[in-house]
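Next come two complexes, and both contain chain A; in the first it sits with chain B, in the second with chain C.
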Partner chain A sequence: MLRNCFIALAIVLGTAQPLLADTPKVDPQADFKAFREYFTKRFPNVQLNDFVNGPYSMDEGLRKQWKAIEEFPPYEFALERGKELLSKPFKNGKTFADCFPNKGIGIRQNYPYFDTKSGKVITLELAVNQCLEKNGEKQYDYKKDDMAAVTAYMAYTSRGKPMDIKIPDDPRALAAYKKGAEYFYTRRGQLNFSCASCHVQSAGDHIRSEVLAPALGILNAMPIYRSAWGGMGTISRRFTSCNSQVRATPLKPQDELYRDVEYYLSYMANGLPIVGPGARP
Partner chain B sequence: MHNRVLIGTAVALSLTGMTTVAVAASADDFKAAYAKAEAASKKSLEMKTQWTTAVAELKAAKKAADAGKYDEAVKLATHAQALANASIEQAKEQEKLWADAVVR
Partner chain C sequence: MASTIRVRASANGDTTEVQSLIRHPMDSGFVKDKSGKLIPPHHIDVVQFEHGGKTVFTAFWGPAVSKDPYLKFSFKGGKKGDDLKVSWVDNKGETDSLTAKIR
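Here is the complex of A and B:
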């Protein structure tokens, strides 16, 4: 009997060990600590909460320009439009307020979240379009215009609130987090760049005239008015354009992998204030 | 005598030229090259690792073929296939390499 137990144990250990060895350990808390330490040690003169200001936290000249721009922020029209859209009744009489907690006010810091019911990461942009669909309305273009306006206003009402992303005790949530990390660090495109190539390894460096924003808190200012775009853009627009810039065919906006990346990056930004909408060169 | 040599050389050169024309790519050559490139590109898209340059080369190959420039079309399609295959290799390599880049 005892002999059989030993044999069974040996079989279990023999099969389990290679599996464990092949699977990189997923430890969001350890990742969070390492990620934060990396940026704070590399940029000791940058205040922790200032990382969310992206290139302006890295370059004094740009910071001065930004301060001047903020006197008449280019995203102001989007804010007005977003406020109007948030309260405007749908054809069925309902509004966005019926789809979101606290009527959509001051909740940006809780997105994305892992929905244990569907087993998927739900971003704010996805939730906005889900709301429209649920109420029989035409969905917004994920990259700009009304989507940027609504999310800009929602971010504005959350300004100063710390990012608060939770990873529930659910293997599917951990898997989504891991897939997000994998996408973030995977090199792609003909230029063979990963997201991390620019926003971790080269943060603060220049690509032509642009200063590369640090990945820490990079989504806290979204959506943004980008001078290079001549308008507002969402997280979906940022991700797809980053892919194109390294000559990789972008995924569809709100592809599961993009949502997972957003989940990973937002978790890394936990505790840092929401400052969206932002303005960028 | 000198003229005869020159004429002979000219005839030989023109025959060589004709030979080149005779082995120029055909529409069928293009179709075969394009099919291979398209298959590789489709696979890279499914793997979410496609390069925009591979798509652009495929498009250019089709355009060249539509204009009857089959030599150019085959060259572009072959290049597109090479780019698509390179993107697939990149994805396979990165399956393990990405973890090395993680901040720890």
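Here is the complex of A and C:
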């Protein structure tokens, strides 16, 4: 009897193997639907467009404080600086306006996009530095200061526009999306947390005094002024510091994998409005 | 160079509510940079708000105040269209000022 069982098991395993190799089919649309349903079912009282406001969509007290902050937002200096940088000519006389569609105004919702020429995901931050490089200028630090200022201004001019990320019919684009999703759900670091442990599984819960932002639309408010940082930070800064906080070794800012994660998360946020730059505790 | 001062003042009945934001590093002198050297102290010492030739608010700040400080207060008097002058001086003698209209 037992022996028969083993044989049966062996047969099952034997036939299952080739099936498994076929199954990891990437279906972004199905993921999108499941992802959205998870959040809307779990937080039935939160309006869909409010998820982009992160912790404020989850906590009434925080929301009141935030409303007061927004009357006199701490990112104003960055906006001013960003506007200045966007129009300031490089040494060769060109400006950022020459690198970006619509002169860099109101385009935040289209980033990151999949570049079919290079076969890679291009984020807004990467595009900013590529523009600087192309024009023989010194590149910005990905995490803060001028990079945050320029992307803050670009986001500001795109406020209210729905996130519009496309996955072209290209196996490389699907592969990038898949790698991003895998990174997002993979546990790492001494604390053995994945991005999803905090921002999907525990969204809205407290981590010490802070309320964890839901992953849905989490990038729509970037870049952010974080009171804990005492300054502005970009998506690169958020990704690397999140990894450090779970005691994992962060990747380099704008590492291909980080860009894939941004691609995945932004696709999940399709249709939700851009609200950046944001202010966070 | 753009002004380091942001101010918004609104008259409401007989009081005027003032909010301001000043861009300043506010280095305490106790923090080290990446190479391990102390960043020398650099902070605002005095902030003043004047209305109609009279000082309505003075703050003595120092190393304990945060970077890019935010300040909110209200004073009696002040009408729509009045001038409100804000000025600060730091420990290096640097200074900036701005005159804003009360709304």
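To be clear about the criterion, the second predicted complex is superposed on the first by the 259 of 281 C-alpha atoms of A that agree within 3 Å, B and C clash if a C-alpha of one lies under 4 Å from a C-alpha of the other, contacts with A are read in each partner's own complex, and residues count from 1 in each chain.
One rule holds in what follows: contacts are C-beta pairs under 8 Å (C-beta built on N, C-alpha and C of every residue); 3 or more make two chains touch, one makes a residue touch a chain.
Because the structure is predicted, anything quoted here is derived from the model rather than measured.
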Clash or fit (per the criteria above) of chain B with chain C on chain A: fit
Contacts of A:L257 with chain B and chain C, given as first, second, both or neither: first
Chain B versus chain C as contact partner of A:Y185, first or second or both or neither: first
Chain A: partner with more touched residues, chain B or chain C: B
Which of chain B and chain C A:S194 touches, first, second, both or neither: first
Which superposed partner A:A34 touches (first chain B, second chain C, both, neither): first
First, second, both or neither for A:T240, with chain B first and chain C second: neither
Which of chain B and chain C A:A248 touches, first, second, both or neither: first
First, second, both or neither for A:S266, with chain B first and chain C second: neither
Chain B versus chain C as contact partner of A:T123, first or second or both or neither: neither
Minimal inter-chain CA distance - chain C and chain B, angstrom: 17
Footprint overlap on chain A, comparing chain B with chain C: none
In the complex with chain A, residue positions of chain B that touch it: 45, 48-53, 55, 83, 86-87, 90-91, 94, 97-99, 101-104
Interface residues, chain C side, partner chain A - complex: 2, 6, 8, 19, 21, 23, 66-68, 70
Of chain A, residues touching chain B in the complex: 24, 30-31, 34-35, 38, 181-182, 185-190, 192, 194, 196, 200-201, 244, 247-249, 251, 255, 257
Residue numbers on chain A that touch chain C, as the complex places them: 71-72, 74, 76-77, 80-81, 84, 230-231
